[in-house]
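Chains here go by letter, A, B, C and D, matching the order in which they are written, and residues are numbered from 1 within each.
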Amino acid sequence: MIGLLVAAPLLGAAVLLCGGRHLNRTGHWLGTALAGVSFVLAAVLFVDMLGRPGDDRALHQHLYSWVPVGGFQADIAFQLDQLSMTFVLLITGVGTLIHLYSVGYMEHDNRRRRFFGYLNLFLAAMLLLVLADNFLLLYVGWEGVGLASYLLIGFWQHKPSAATAAKKAFVVNRVGDAGLAIAIFLMFTTFGTFAFGPVLANAEEATQATLTGIGLMLLLAACGKSAQVPLQSWLGDAMEGPTPVSALIHAATMVTAGVYLITRSGAIFNAAPDAQTAVVVVGAVTLLFGAIIGCAKDDIKKALAGSTMSQIGYMVLAAGLGPIGYAFAIMHLVTHGFFKAGLFLGAGSVMHGMNDEVDMRKYGGLRKYMPVTFVTFGLGYLAIIGFPGLSGFFSKDAIIEAAFAKGGTQGWILGAVTLLGAAITAYYMTRVMLLTFFGEKRWQPDERGNEPHPHESPKTMVIPMVVLAFGSVFAGGLFKFNDAFVNWLRPVTSFEHGHPPIGVAAITTLTVVVLLIGVAAAWLQYGRRPVPVVAPRGSLVTRAARRDLLQDDFNHVVLVRGGEHLTRSLVYVDNKLVDGAVNGTAAAFGGLSGRMRRVQNGFARSYAVSMFGGAALLVAATLLMRAV
Amino acid sequence: MADTSFPLLTATAVLPALGAVATAAVPAARRDAAKWLALVVSLGTLALAAWIALAFDPGGARYQLTESRSWIADFGVRYELGVDGIGVAMIGLTALLIPFIIAAGWHDADPLEDASPNRRWRPTQGFFALILMVEAMVIISFAATDVFLFYIFFEAMLIPMYFLIGGFGDRAHSAGEAEGAKQRSYAAVKFLLYNLVGGLVMLAAVIGLYVVTADQLGQGTFSMQQIAEARAAGELTMATNIERLLFLGFFLAFAIKAPLWPLHTWLPNAMGESTAPVAVLITAVVDKVGTFAMLRFCLGLFPEASAWATPAVIALALVSIIYGALLAIGQRDIKRLVAYASISHFGFIVLGIFAMTSQGQGGATLYMVFHGLSTAALMLVAGFLISRRGSRLISDYGGVQKVAPVLAGTFLVGGLATLSLPGLAPFISEFLVLVGTFSRYPAAGIVATVGIVLAAVYVLLLYQRTMTGPVDKPEIERLPDLRPRELAVVAPLIALLIFLGLFPKPLTDIVNPAVEHTLSDVRKTDPEPALPEVEAAK
Amino acid sequence: MNPANYLYLAALLFTIGAFGVLIRRNAIVVFMCVELMLNAANLTLVAFSRMHGNLDGQIMAFFVMVVAAAEVVVGLAIIVMLYRSRHSASVDDASLMKL
Amino acid sequence: MSADPSIQAASGVHTLWTHAAEAPSIEFLQLSPALIVLGAAVVAVLVEAFAPRSARYALQVGLSALALAGALAAVIGLAAGGWATEKAAVIGIGSLALDGPALFLQGVILAVGLVSVGTFAERRLEPVAHGARVDSFAAQPAAVPGGPGEREAIKAGWTTTEIFPLLLFAVGGMLLFPAANDLLTLFIALEVFSLPLYLLCALSRRRRLLSQEAAVKYFLLGAFSSAFLIFGIALLYGYAGTVSYAGIAAVVDGSVENPSPALAAAMGNDALLLVGAALVLMGLLFKVGAVPFHMWTPDVYQGAPTPVTGFMAAATKVAAFGALLRLLYVVLPGLSWDWRPVLWGVAILSMVVGAIVAITQTDVKRLLAYSSIAHAGFILAGVVAVNPQGISSVLFYLLAYSFVTLGAFAVVTLVRDAGGEATHLSKWAGLGRRSPLVAAVFAIFLLAFAGIPLTSGFVGKFAVFKAAAEGGAGVLVVVGVLSSAVAAFFYLRVIVLMFFSEPAAEGPTVAIPSVLTKATIGIAVAATLLLGVLPQYFLDLATQAGVFVR
């Protein structure tokens, strides 16, 4: 049953990728259908799970022994508990919607079949990731989604930028994967196994150092996958991929895998405070980092990418808070899944109508041309800035409270950071909103003279946007309603109430205030006066932010250039030194030979001399031997 | 179970040998007959190898299907064959890959259209006969349990390989036909001399081994069993220094064959200049004899010395992993890139062997098999690509994916296998090697893990530069996609990579007992986990 | 009797012969120097034969003479042939083959 | 020192004298091999003298072949009759040994000689001159090269059938050389086989100047070395008072009972022994072509007619090493502490110099000459092992090596251009593409020289190195393998040239030989592979044969 969840999309991928051209017409529907199938399955399982009391809701399925070598016993086995269930629903649900959306979005791409194949592959891998019952199988899904993301980012391979972005994403992720691998090594050498059950159950028994080590390595993995500082650089470029991909993989699901990993290994982090602190720091830094970038980008998708980064920063931070945060992290993850996916789909719809123009400075006043997109996007916008009553409000507010509840100076700092983040979020999202839908039209005919004719997108694209909009409006309230979500997750993530130093009400009001400030600031800058089509030079900070706060340039200079120099010099060394030594020896023998053969000068008498000398030597040697 | 009445191993080696003779004897005009004959023979060999795998009982004796005849009594040399799980795996790999190599090289040795005298030298018959000859010799050396017998074929296989490398290069050489010929013969000579030097040093060690056994057991012997028994019975005890010298003698030869840094420089030349199928033959089959021999002979004959040398060997292996990967990143030539990648992978294999854990050595054995498959897939597709464009330079490609999607796709899968993506077979072996290494030498394990990141870099760089981007070269626009024959070569390899990636158990079941034996040879056991009771609880 | 003096003489002759071979160019002379060396050997043989009081040495000396004669036949034949084709009997002229 | 010599004469009157007094019995049966060959040689001379020119070729070839075959049969018969092992004895008035090594090597020499008759008699390689098929020997050796006399002779289609008696004499001497059991016989045998070789070297049909030069060099240096040899013999005689191996051996290890005062006095003086031994060694090392007595080898090998070179390279080494072995193992074992280090040095020098200098050679025959020097070094490694394995391994090596050499030079005779044999390596470029079979055969021989497994060369090399290692000469083994690695390089160079390089525009052609040369090459290939794959029988043979009679 659980296996089928993974099998369905996997089958789809196999058929679509190996199947020939004759699938071109029907392929996309097949893919969508199979995604739907796994969603239905998930729903059935969910209902079935609700039927059982909280503590024995987890399902286990052992398929077969995978790699048995000595003490190393890796199995293909699944575990479906509340945490996995949450993800499964999110993945299959949003996934199905985005499949549907892509049917329209990719209509004019002659490689649509393959696109759906990749999407199905991604679903399979992502489901495997969240359903695995041991870290090795999780690792498989982990790299599987990496592969899918690589294929989809680089889907338009004829664009060098896309190809480069794809490679960058995979390599950066590989760094994280290496972390996960090392974490698994440590688990194996410590516990002799890497299955969730025994490892998490016995986490406390391991030494502090080991746990910290494992924790940090897991964090590294999470940073890679969830685009957290310092491994965040790939996410911005990843926007080269088709927009549905950005929505599904780089907003709703894959990038949140890091949060899943940390939450899943909560037992380890709980026992390793140092590692936890590291998690919190990473989260805090990233949520500001992403937010700042989000403010500076004129590319609508890049702006949303920055916001994704920052929102995941919230989740990671929450997950770093321990039992008081896990549930909220996941909750925010789900709500974010809805509204961020919605926002991306909206952006996609806008681009669809604007000849794939991404520069917001060339939009403006679009609310008249694409009303549905405007509304859905707007709801998503309200949700993400945490407008009271919408889902983002509940989840983010909870996280801010938990941050304060961390207690001590740490608590205050974290609280302040989260609040500041909320303000900036409000600012840049408002900016996006204003630039895109308000003001007067700023687009001109492009160099080829064809002027974009903004229009509403086809049904297949609109429906998903609407559905997601509903999600972004109501999900939060639903979850918050007498702590339904927290209680649902409690058996897995063990929840305890945090006690913020100042009243909950106070925090809520604070949140609303900062949010209003952010909106106001944005309106002052972009709402009142016309927006220049060409970006002004901007302050130093702005320019830095536009360049991802120079972090990319750092990578470029230090890693890329440095690496090139290293490899080039190594190639030189290999040819000249290592190989040169070999050829040199050969040459040396040749020269020696050339010199030695001169003795053979053709004169019989000199031969006689050598014989005579030889005889003398022989005699001398023999006598000498006797002498000594 | 193991039917010893019929000399199965001998038959498996003799069949291709006879096939080689027959193929060579096919008259010049009947070129295709020779090809088909060779293919059929290789398939027959594969069938025999399958029979071996079936006849082999994982739970049975260490060496099975044994044969033993007196050969050169004066040197105490016996014709002794026998396989353990590792041997079965390696013979299986060899017998499996040869048909693909033959099919992939179907047209590599066809005479060129214009029969000008200097081009006349492409005897198809010879090409396939040599391949079969190599197969026969490789199989014998995998099955030999007599050191001298092994040595003979270990050395002898250099000759056919030498002719394969030097005699049959790519049709259109980037640097022109004449220059190409020069480079080829340089590569061939380098290959042969390099390996011959190693082999000769090993010869000295082999003689030394004889002398040691002779003056301790009265009669010199090369039989693994006899030596093992004598050791067990305490009749044979090597002086520490002697054992170390002999170990070094053997190890040098295997390290050159494997090849291990800094003895690797022959491989890029050899693989770069030879045709893709031959390159596969080198790296996927012949070089495996080196690593296999480390596992069987270095560890089996000189356990103490192996333990003594382990730190140095592991250091070399690590250097190979990182160094090979970095150089692969820096290559401009597709085949040389794959060659350096192989150097990196051989580093992993050696690392696993000398980690002296069941995961490490089991992983190393699987690695030998899986690396064979993955490199075959990648290199053969690369060969198809090169044969289309007539250039090995990466810079001559770009955007292939647009005109030849299937080719690009298979190439990508081969690449992903090379960077050992989970779900594909190589991942399992690489992870096992890493775990096995880490559990005994954590630092080494971590350093080696860097290798998997670098692997991603060189594979994806290669794919990006050749397959993606705009099609801006006229030659590329006319590039045809994979032909049925080529697809028939690649598809099964990919299928195998996926299947073994998901279900390697049949292989591990065969290999594990053999690895346990090897570990007991060196008197090592896996390190216990820090919290053994968890293990127990599980 | 004490053969020392004869030995000294023989050694002297031998050395003279040897050096003759090394320094003289004319093939005939070189060859005669070789003969001189042989005769030095003969002298030694005879002296020792006398010392040991058995005849082996002397008999051998006869053999050596015979052999020397045979060598002369072969040698002169070769040298004459060389002289005919080169109009010189210098050993150094015959140095086409070298290295 | 007593004053009266007559007394000593009475007591000390010695072998030759006394034997001569009572007419000695000659063991004709046991001597038959040598007798047959030498007898045939005499008959052959008579044929030269009286048979009509037209009939000589047939007669000579038949006679030589018959004689050598008969002698070979006799050797085999003797060996089968147990003369190699339990019936081994000293025969011919103590001047010859009839034992395993002697018979084994005689067998090899006869086989080589028999095969060489084929190459000597080959008449299909040279272009037909004035309607007469001719062999590769000078039409009229006495005539001036290119002079009228030569032209006359060529016109008349004369051929030098004297080569066959010369060959027979040489073989006869070589048969005696390894069997010689006293220094006198050693010296005589040496000269008996050297003198004909000097002449044979001078008889080339093409490039006669080189041929003559080779002869002169070989002759002068050979005479020079035999002068040293005989002087050494004289000193040894002075030391031991006898020339018989057994006698000298007895004196050396001081096991002679009540020595005469003179002998006692001489025995006191080791210098005689040591210098004498050294000089005798030098004489033999010259014949095997060991460094530093090797310098004649390249020139002579290059200049001599190729069939002669092949015969010489193979048979001379066999004979000389046989004599060397007997001398060291029978006469001077008591002295081994003195000569082993020396021979170590010589062996190492030979291996290294031979291998290294060969790298840059450009002429096939010179290349093979240098390789033969290196091989002399390898064999010496087996010689210095001073153990039974040493003997048997050397015997086997000689067997293997001689056939490879014969075959290699036989192939060289086939590759020809307008100027005769095309021995310059550049001419061999691309031979493998023109005539793959010939190239492949030559490649097999080269691989055997290089000691690649599954060829006789490998087994031989392994045998000698193994013996050396067991004899405690590990260093030699290491130097040996390293220098054979260097050696491998130049053998490979030739293979590369033949197979992987473009053929020269006006390259040489491969002449189609008669059955004679074909047989030679065929036998050589067969021997090379047989000894490489199934050497056990011959190793047993060598082991059984590896005992010297004393």
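The working rule: a residue touches a chain if its C-beta (ideal position, glycine included) is under 8 Å from a C-beta of that chain, and two chains touch if they have at least 3 such contacts.
Going by UniProt, the chains are B = NADH-quinone oxidoreductase subunit M; C = NADH-quinone oxidoreductase subunit K; D = NADH-quinone oxidoreductase subunit N.
Small disclaimer: the values here were computed from a predicted structure and weren't measured.
The pair with more inter-chain C-beta contacts, choosing from C-D and A-C, is C-D. Note: centroid distance chain C to chain D, computed from Cα atoms, is 24 Å. Separation between the centroids of chain A and chain C, computed from CA atoms only, is 97 Å. Measuring from the averaged C-alpha position of chain A to that of chain D gives a distance of 81 Å. Between chain B and chain C the centroid-to-centroid distance comes to 65 Å (mean Cα coordinates, whole Å).
For chain A, the set of residues touching two or more other chains reads 586, 597, 600, 602, 604, 608.
The set of chain D residues touching two or more other chains comprises 216-217, 220, 224, 228, 298-299, 489.
In chain B, the positions touching at least two other chains are 193.
Chain pairs that touch one another are A-B, A-C, A-D, B-D, C-D.
Against chain D, in their complex, chain B makes its touches with residues 70-75, 117-118, 120-121, 123, 151-153, 155-156, 158-159, 163, 166-167, 178, 181, 184-185, 188-189, 192-193, 196-197, 200-201, 203-204, 207-208, 210-211, 214-215. Within the complex, the chain D residues that touch chain A are 216-217, 220-221, 224-225, 228, 270-271, 274-275, 277-279, 281-282, 286, 291-293, 295-296, 298-299, 337-339, 341-342, 345, 353, 356-361, 486, 489.
Residue ranges on chain D touching chain C, taken from their complex, read 1, 5, 8-9, 12-17, 141-142, 144-145, 183-184, 187-188, 191, 195, 198-199, 202, 208-210, 212-217, 219-220, 223-224, 227-228, 230-231, 233-235, 237-238, 241-243, 260, 262-263, 266, 298-299, 302-303, 366. Across the complex, chain C meets chain D through its residues 1-3, 7, 10, 14, 17-18, 21, 27, 30-31, 34, 37-38, 40-42, 44-45, 47-57, 59-60, 63-64, 67, 70-71, 74-75, 77-79, 81-82, 84-86, 91, 94-98.
Every residue of chain B that touches chain A in the complex is listed here, in rising order: 190, 193-194, 261-262, 264-265, 323, 326-327, 329-331, 357-359, 362-363, 399, 401-402, 409, 416, 421-423, 427-428, 431-432, 434-436, 438-439, 442, 445-446, 449-450, 452-453, 456-457, 460-461, 464, 467-471, 502-505, 508, 512, 515, 526-532, 534-535, 537-538.
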